[in-house]
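Some structures to go through are shown next.
One chain, chain A, appears in both complexes that follow, with chain B as partner in the first and chain C in the second.
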Partner chain A sequence: MTPLLEIRSLSLEIPVNDGLLRPIRSVDLTVERGETVAIVGESGCGKSLTSLAVMGLQPQNARLSAERLAFQGESLLGLDRRRWQAIRGKRIAMIFQDPMTAFDPCYRMGDQMAEILRQHRPVSRAEARERIVALLRRVGVPAPEDRLDQFPHQLSGGLRQRMMIATALLCEPELIIADEPTTALDVTIQAQILRLLADVQQETGVGLILVTHDIGVVAGLADRVVVMYGGEVVESGTTDEVLGSPRHPYTAGLMRSIPVPGRTRRGQPLGHIPGLVPRPIAPLTACGFLDRCEFRHEACAAAPVPLRSGAGERQLRCLLPIETPRQPAEPLVAATAIA
Partner chain B sequence: MGSFVVKRLLVTVLVLIVVSIISFSLVHLSGDPAVAMAGERASPEQIAEIRKAYGYDRPFHEQYLSWVGRFVSGDFGRSTYLKEDVGPVLARHIPITATLGVLALAFALLVAVPLGVIAALWPNTIIDRIALVLAVAGQAMPSFLSSLALIYGFGVMLRWLPVSGTATWQHYILPAVALGYYAAPAIMRLTRSGMMDVLKSDHVRTARAYGLSPWRVVLRHGLRHAIIPVVAVATVQFGYMLGGSVVVEAVFSMNGLGNLAWLSIRRYDVEVIQAILLVIAATYAVLTLAADLLNAALDPRIRTS
Partner chain C sequence: MSLLEITGATRHYQVSAGLRRGRVLQAVRGIDLAVEEGEILAIVGESGCGKSTLARLLLGIEEPSSGSITVGGRPIGAYGRVERARLIQPIFQDPYSSLNPRMTVAGAIAAPLEVRGVGNGRSRLAAVHEIMDAVGLARYLAGAYPSQLSGGQRQRVAIARALIGEPKILICDEPTSALDVSVQSQILNLLARLHRSFRLTIVLISHNLAVVGHLADRVAVMYLGKVVEAGPTEAVFAEPRHPYTRELMQAILPPELGRGLPELRLKGEFPSPLAPPTGCAFHPRCIRAGDACREAVPELAGSERLVACHYPLREPVHA
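For the complex of A and B:
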């Protein structure tokens, strides 16, 4: 059976003054029908760009190349404007990070949602209104009829994000890409929105790509996890595999940075990964994570590290053993680890 | 929205009061009006008589209030030079300048806004460069020079359009282009930069990601935002066209308000100068009010703040 979304060897190059930025390097990603896949990584790892590229929304001057980029078996490479328009919002919908700015401040919420629905479906204004109200009720927006006449700035962040989710559901898409859907929200609202996304996903069976830098939001929601670093996939597998026993030092570092209720003591410093994501300017000649890795050794600097497959669905881009859980070793770079 | 309108109206009224005080004071700031009216050979007695006759001997605030009272009741005073009421004089000159200003603004907007949008959609391409050259040329060329160039090109060489007077609507075309061309560059550059900013914004990305057609994205979700600063600038330029088109009016021999203002200053025709000042200031105030209301209609966030 063809997967819902199939990406093979997707790369993006952006010409800049001092060379060629390579924010995405040969990324593979597959999403099955009804599956939730989380893409995890720090800012600047290429996860948002990857999701934008699926919609054909990469920056205008970016050069995209891929062995295969297919949605429901149809290639998305070289689509013309009209065919993109027929896919965007209708078959693939996107939920954006900042609901403050994602809606046009000049138009009433109801008009914006109706504009999108009527772009894709031949419905009357009254029918559009009816469907929007029903959807708003579904995503837990109180007094939905009143919301239609409000402007975005008159709504709270949580409400706006609920309305963003309702907007994504308007045309019953087959795939929803949620790009950091909870990052701009209060912590209490975050949990509600994640619950809503999980419910909606279960109810509609839509495929879901969840892009996040917060590995903590992944656990309850995703079937599979793809960890990205420096534009590459560094580790992937089922959520249990990756979060249960992370093999890549980067994944492990992300895990250490989450406080665990009951385990993390008051005042105890959280784990962190020293250093910053490097600017992806040159082709890789070594492991991309080399500079920040606590386990680096000579072999890591010799050549780029290939992606290897292990037991189950796990894939790993690291020279450390893939099968046996890594033993806590003496770090080469001082890093604070949770006991 | 209601309270916003009321607030803006109050501000407009305040501005008008301040401007009227200033324009009234001008008479006294620029010398003794009685001396000027009496002429060079007048005796001190004659001057005192005139001073009394025109009420210049009364306290300042009394003079001001009675002057304002006359204005509000529609009496704009009498021109000492033309020996004629100021009202009819203004009524002759204002329509010419107003027509010229509206046409010039229309020309400026029709040229500058589409060019700005196109330049923003394809930045650093040949179209953008051509627009930039046009803008720089327009900004750099004084309007008397572009007026003469237009007269030479379309009037003398091609003989398509009349170049002097205000007899028919064709007479307005060249001066409107000359006046509008000077205003167009600022509007164009502002539209371009506003468009480039808004095209990068999140809500435009949303509109694209939901499959809206490119023109909808550009016009409905882009231009509406980019045009907001343009409204303010175009208003100021429109005010400038109405009050300061002296040069263009002179070159094309149009007897408009600018021409009248210039002549009246030379004649020290105080009542006319005051009336023109007030008319122009009031026009500015009303235009600014209209621009603010228009912007409030375009962007709901302005209404509530």
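For the complex of A and C:
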């Protein structure tokens, strides 16, 4: 069966004053129906751009190339504006990080939501209203009829995000892309919104791409994980494989830097990844993570590192052995740390 | 006597609502807290709980509507502006907006000394270099502008600027919320180290229990302008007594497999500070609430472990 979304060797190049930015370098990604795939990484790793490219929303001067970019077996490459409009918002929907800026502050919530529905479906105003109220009730918005007449600023952050999820569900999409859906929310609201996303997916069987930097969110929600660094996929696999035994030094570093009550000792230095995400300006001539890696050796500097497959579904872009688990050398990190 | 003492502090704001008569927003509704010298106290709560207002009161940027805040036994309002700035310094959430984009790193860090007229240009630059070393900023960045720095570097500049005048107290309002996790851990490590080497007293304000729990000696949990629970970090984490604290703890998503999503037992939404619920402010959301909770405001009681709840939890949550 064809996957819901299939991306092979997606690259993005953006001409800038001093050369060519390469924020996405040959990324592979597949999403099946009913599956949640998380894309994880620090800011500037290309995770948001990858998800925008799936929607055809890459920056205007960007050059996109891919071996294959297909949704339900149908290629998305080179679609014109009209064909895109039939897909965007209808078959692929997006949930943004900040619901305050995603809604238009000058229009009532009900009108904004109805516009989207009526753009894609031949429904009357009354029918649209009925469907919106039903969906708002479904996502746990109290007093949904009253909300339709409110403006975005009159709603709390949690309510706005629930209404954003309802908006994404309006046209019964087959794929939802959620870009940091809970980053702007309080912790208790985050838990409720993630629960809602999980329930919605269970009911509708929609495919979900979850873009996040929070490994805790990934552990709670995702079936598979794709870890991105410097525009490349550096590790991928099932959530159990990747989080259970992270093999790439970057994945391991991300996981060690998070304080966990009861497990990390209070006041003890947390692990961290020294250095910064590099600006993706030149073609890679070595491992992209070279400068920040605690395990680097000569071979890493010789040539770009290919993505290799291991047992199960795991793929890894690292010269270190895939199968032998290694305990990251903590003292080494502490010694090189400036902080 | 504690270094920093908050006694019955409240802060109200007049809110205009179009043609209607102004209403009163009670951001801080009566807080008693003491911070000992050399301690790290964390204040935790969600948006709208008044934690940032409390930070502004502690910095002396705003005066409490009633109650008092004293530093070293003297009301904070009695200090002059410069005098106060020598004693207490802030670190804000967003290093993108807390630094002047037209000032170099060295200029921003040296500004507090310049305002006070300490030393000459050369001695100030030496002090800047010294503090840049201490916070882990390479010296070649001294001439850089904020736009040339990463988020973590900017937060280090903000920390260096706060520390150059050798203050006694640091008020950190969400110091890592705008940063990536790997950078967050560096800033947390840095704060822990500076706390030791500068013998700082730190008030750490955050919505993330896991982050503050990692640094703080004591934790105070706020809900709608009041402290609902306070105590030593380990004790509060191991055995939360207030139902709200327990929900906050449950909501933490650790990067561990097999936990699934947390099942929260919170009803409804965060109440509006314009119309706080009667009795215990948490009662409309609490699954344990009884009649007493709707009528009487629970007092913050206890000695080391303080809790404001009519029916506090007793048993540990995690077996």
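As a working rule, the second predicted complex is superposed on the first by the 325 of 339 C-alpha atoms of A that agree within 3 Å, B and C clash if a C-alpha of one lies under 4 Å from a C-alpha of the other, contacts with A are read in each partner's own complex, and residues count from 1 in each chain.
Going forward, a contact is a pair of C-beta atoms (placed from the backbone, for glycine too) under 8 Å apart; a residue touches a chain by one contact, two chains touch by 3 or more.
The structure presented is a predicted model; accordingly, all values stated were derived computationally and were not measured.
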item: Chain touching more of chain A, residue-wise (chain B, chain C); value: C
item: Touching partner for A:Ala219 - first (chain B), second (chain C), both, neither; value: second
item: Touched partner set for A:Leu77, first chain B, second chain C, both or neither; value: neither
item: Which superposed partner A:Glu42 touches (first chain B, second chain C, both, neither); value: second
item: Partner chain in contact with A:Arg195 - chain B first, chain C second, else both or neither; value: second
item: Chain B versus chain C as contact partner of A:Leu159, first or second or both or neither; value: second
item: Partner chain(s) touched by A:Arg266 [first = chain B, second = chain C, both, neither]; value: second
item: Touching partner for A:Pro105 - first (chain B), second (chain C), both, neither; value: first
item: Which of chain B and chain C A:Val16 touches, first, second, both or neither; value: neither
item: Chain A residues contacted in one complex by chain B, in the other by chain C; value: none
item: Complex contacts: residues of chain B adjacent to chain A; value: 201-203, 205-214, 216, 220-221, 224-225, 298-301, 304
item: Touching residues on chain A, where the partner in the complex is chain B; value: 55, 57, 81, 84-90, 93-94, 96, 98, 101-106, 115-116, 119-120, 151, 153, 167
item: Residue numbers on chain C that touch chain A, as the complex places them; value: 46-47, 136, 150-152, 180-190, 192-193, 207-211, 213-216, 233-234, 237-238, 247-257, 259-264, 266, 268-270, 318
item: Touching residues on chain A, where the partner in the complex is chain C; value: 42-43, 142, 156-159, 186-192, 194-195, 198, 213-221, 239-240, 243-244, 253-264, 266-267, 269-273, 276, 337-339
